[in-house]
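Some structures to go through are shown next.
Here come two complexes built around chain A, the first alongside chain B, the second alongside chain C.
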Partner chain A sequence: MRVLIWAYMAAAYAFIFLPVLVLVVFSFQDGRLPVPPFQGFTLRWYGSVLGNAKLMSALGNSLLVAVVSSSLALILGFLAAHALARVRLPGSVLLRGLLIAPMTVSYLIIALGLLTVFNQTGVRLSLWTAGIGHVVINLPLCFAITYAAMGDQQRSAERAARDLGASDWQVLVHVSAPMLAPALAAAFFLSVTFSWDEFIIAFLLTRFDVTLPVEIWSMLRSGLSPATNAVGALVFLVSTALVVVLELTLFRKAKP
Partner chain B sequence: MTAPVSIQAISQTYGTARALDAVSLDIAAGEFIVLLGPSGCGKTTLLTLIGGFAEPTAGRILIGGRDMAGIAPKDRPTTTVFQDYALFPHMTLADNVAFGLRMRGMARPARMDRAAEILALVGLEGRGNRRPHELSGGQRQRVALARALAVEPDVLLLDEPLGALDLKLRRQMQDELKAIQRRVGTTFIHVTHDQEEAMAIADRIVVMNAGRIEDAAPPAEVYLRPKSLFTASFMGEVNLIPVQGGQSPLGPLVTGNGTLMIRPEAIGVTDGPADTLPLGPARLIDVTFFGTYQRARLAPLAAPGMTLTAHLPQSATLAPGTEMALFASAHSFLEATP
Partner chain C sequence: MTLATRERRLGWGLMAPALAWTLAFFVLPFAAMVALSFAHMDGRSIVRGFDPGNYIRFFTDWTLFKALVNSLEITAVVTVVSLVLAYPLAAIIAFRVPARWQRLALLLAVLPFWTSYVVRSYSWLLVLGQNGVVNKALLWAGVIAEPLALSASRTATVIGFVHFFVMLLTLTIYANLIQLSPNYARAAQDLGAGRIATFWHVILPLTLPGVVTGAFLTFVLCIGDYITPQILGGNTELTLPQLIMLQLGRSGNFPLASALSVVLMAVVTLAYAASARWLRLDRL
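Coming up: the complex of A and B.
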């Protein structure tokens, strides 16, 4: 029985991580195709990826879009959460629902909707439009995380701050935001991860400057190569690093 | 800094519920006022209105002669010590205490000096670099007090500040609170439901019930000469003896129509000076030892259905069933409202 449990766990992890493992292993393939058998170890593909100007500029674009769109989503989500947690508005349940609703809509639908709007209004597709798309998908996430983190302790501390002479903005800057720092960090890094990996919206809403997933996709169109594995491994590395940062900020603080 | 507070016919309604019903009260500058009453009597609501966290449905509040209508909490000359302390967990104690000064634009070195000074005043000298989570409940309470005092408010509002402390610490903090109030001279308005706490610290106790003020007087007067039956029983144990046309269940009494109120500690078995009121003989039902006194329950022979409570000396040997003559060394009389 005990053996079965361990075997099950091993199988579950293998199921999750085997594709990534294969991807990483064959990024070191000393040959032209990232398929078995493994022909020897080389860092050549990493060299060619890092020397590829188009890929590197796409990587820069991805970082830019991720950081800017996540910051914006975080600020908007935090302000909305703060308002809805503090002020009793008629229909605030509905308002909350509407803010979270985009989470349930497929990225493809959101991208198509935005594409239509941009075409109608004559906004030209660029990294900005992709960034707007990422704000749309990450705002509900930031809102939900910060809203859930606002408790009674927060409420009474804000009340005390107002009593001591703080204006609404001073309360937000000196009390609300610092007290919510772990939740804000969690929301931000999750948003960055999602934006970093996002393909559909970035694909449909960019034109000349593209983000990394879009660039990888165009590499794939010219066939399999260990170079794409190398890019994939790098992307995975960055995502993992973000998740680790998240663990260290959010979950370490969550424990007393 | 200090200022008088004038509460003029304040009413507050929440939907159909009336939390305050035309309450008027004048508080002198530098006075230590305690709002006392059971939960739901409106005392916290009144404090909230003075602090500016809600606007009254009707009436005016003047602080230092200035009408407070429409003035936000941050612009009022009041600060509050909250029941849950409401310290800022991400700041050091010094930063907590200096917060109000920072909001008023005081430069960092000056406000840090001031914070250290106030922390010393509340007995937390040299602890400015600690954080709230490192403190005990009593220490957090002191920080909350220091933070509220740092901005030198005219009026300090205290919302059951000692409610979360254990009894011994509470008694100790009461003494300190009183001493600090004497030193800073600020008007203190303190809310509590603990009548012992109220008597220990107040210059004047305001007893509230069901949205109205029942009584407002110095502790001794509220205790010994309450102006209502509610006050009489809320301030402590009391024997209430109805009198109608000079007749009471205990026999004829030379008073008008109303209720005779006698505290248990005023009842004894020895006759005294001229104003001592004889209560007639009574049979001891039972007795309980309470440390500083023995609490005896007695049935007057004239009215066997009635029970009187007396606090008799520790040393008395008391056996249930014994008959004894009772005398009241002090009493007060409440005229029946026609």
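Coming up: the complex of A and C.
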């Protein structure tokens, strides 16, 4: 029984890591195709990727869209969560449902809806329109995470601050936000990861300047290449580093 | 002005930006898309009106309807297989791995989750392709004489999906298992239940909300995904999202694409209604 259990675990990890391993190994392939046999070690694909102006500008675009759209989603979500957690508004269940709703809708449908409206109103597609879409998908996430983190202890602190003469804005900026810092940071970084990796909205709502997933997508059209492996390995490296840093700092502290 | 009115005014003020954003960029576009689904194409121009023709065409034209059937079949298989594979893994991590190693084990189990989604499907192409790792290994070992046609098939699509959702489900199921008090299992065993009976009658029912929530997420994300079937499935059969993208790209048939999206949305809503009793979306 015990052997079976560890064998299952090993098999599961092998399955989970197999594609990543193949991706990374053949990014060093000294040959034209990223498939066996392994023909020798080279770093030239990484060189060609880092020297590829289109890829690098797509990477910059992705970062820009991710940070700007996540910041906006976080601010909107935090304010709404604060309103629903603190003030008794009529129809608050309905409001909450409405704000969460985009989470249950396929990204493709959100993208197509926005594309329809942008086409009809003559809005030109750009990084901005993709960013708008990313705020739509990340707003529910930011709202839900911050809403779930607002507890009684915080309510008392806010009341105390107000009794001592703080204005609504002062309470929000100097009491609520700092107390919620771990939840706010978690919501922000999750949003950044989602936006950074999002394909279909960015694909349908951008035109000339594109984000990294869209650029990688167009690389795929020209078939298998170790250069694509190198891009993938680099993205994996960056995301992994980010996750490990988050794990070691934020989430460890957030745990009681 | 009373305190209550002031509070309420403040509440609406804080609420307004998020509400306006959701209405303008989610509700309105969705309504516009539904309206467009009742238009039709005349040559290359869109004729607006109330014409259910797109829906009639979808339900009567097998080449279109087949896409929904394909999507449902793939999604059903992916959801079941992912659950069956992920549950034991989550249970092993929660109950067998020493407490101090659990977070590391979990972090490792979902690490490839954070790689680029597009790249992940591409990686499976390298593993399953004609000259891929699996075929080369099997040929080398003498198990097969000719390379297997693994990629560009439904099997490849399913494997790519299962890989992604095993990670997602391991996370959600683990989160559920770890919250269970060990007293449940202890009580069941004190009362004479064996290991299997304890699992089947106590642990599994207690984790059912988490399992259903994970299954629902898998269903929604899987049936709406375009990338995995497009990269791994080849062109032998189309899923619903692929059909939608095809309408947008090749023929610019926005009305039909909209109608297909409304169908996709309806399927997801049905799945939600079916599982709503057990869903705990707020407790993810």
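The rule is simple: the second predicted complex is superposed on the first by the 251 of 256 C-alpha atoms of A that agree within 3 Å, B and C clash if a C-alpha of one lies under 4 Å from a C-alpha of the other, contacts with A are read in each partner's own complex, and residues count from 1 in each chain.
Please note the rule applied: a contact is a pair of C-beta atoms (placed from the backbone, for glycine too) under 8 Å apart; a residue touches a chain by one contact, two chains touch by 3 or more.
It should be emphasised that the depicted structure is a prediction, and the values quoted were computed from it without experimental measurement.
Under the clash rule set out above, the superposition-derived model of chain A with chain B and chain C shows the two partners fitting side by side.
The larger set of touched chain A residues comes from C, when the choice is between chain B and chain C. Angle at chain A between chain B and chain C, computed from CA centres in the superposed arrangement: 100 degrees, to the nearest 10. Within the superposed three-chain model, A:A7 lies out of touch with both chain B and chain C [touch as defined at top]. By the touch criterion defined above, A:D197 reaches chain C but does not reach chain B. When the shared chain is aligned, no partner comes close enough to touch A:V173: not chain B, not chain C. Once both structures are fitted on chain A, no C-alpha atom of chain B lies closer than 5 Å to one of chain C. Comparing the two interfaces of chain A, the one with chain B and the one with chain C have no residue in common. Interface residues of chain C facing chain A in the complex, by the touch rule stated above, are 7-8, 10-15, 17-19, 21-22, 25-30, 32-33, 36, 85, 88-89, 92-93, 96, 103, 107-109, 111-112, 114-120, 122-127, 129, 131-133, 136-137, 163, 166-167, 220-221, 223-224, 226-227, 231, 241, 244-245, 248, 254, 257-258, 261, 264-265, 268, 272, 281-282. Residue ranges of chain A in contact with chain B, taken from their complex: 152-153, 156-157, 159-167, 170, 174-175, 178-179, 181. In the complex of the two chains, the chain A residues touching chain C come out as 5, 8-9, 12-13, 15-20, 22-23, 26, 33-37, 75-77, 79-80, 82-84, 86-89, 95, 98-110, 112-114, 116-117, 119-120, 132-133, 135-136, 139, 143-144, 148, 168, 193, 197, 199-200, 204, 212-213, 216-217, 220, 224, 228-229, 231-232, 235-236, 239-240, 242-244, 247. Within the complex formed with chain A, the chain B residues making contact are 51, 53, 72-75, 78-80, 82, 84, 86-90, 99-100, 102-104, 147-148, 151.
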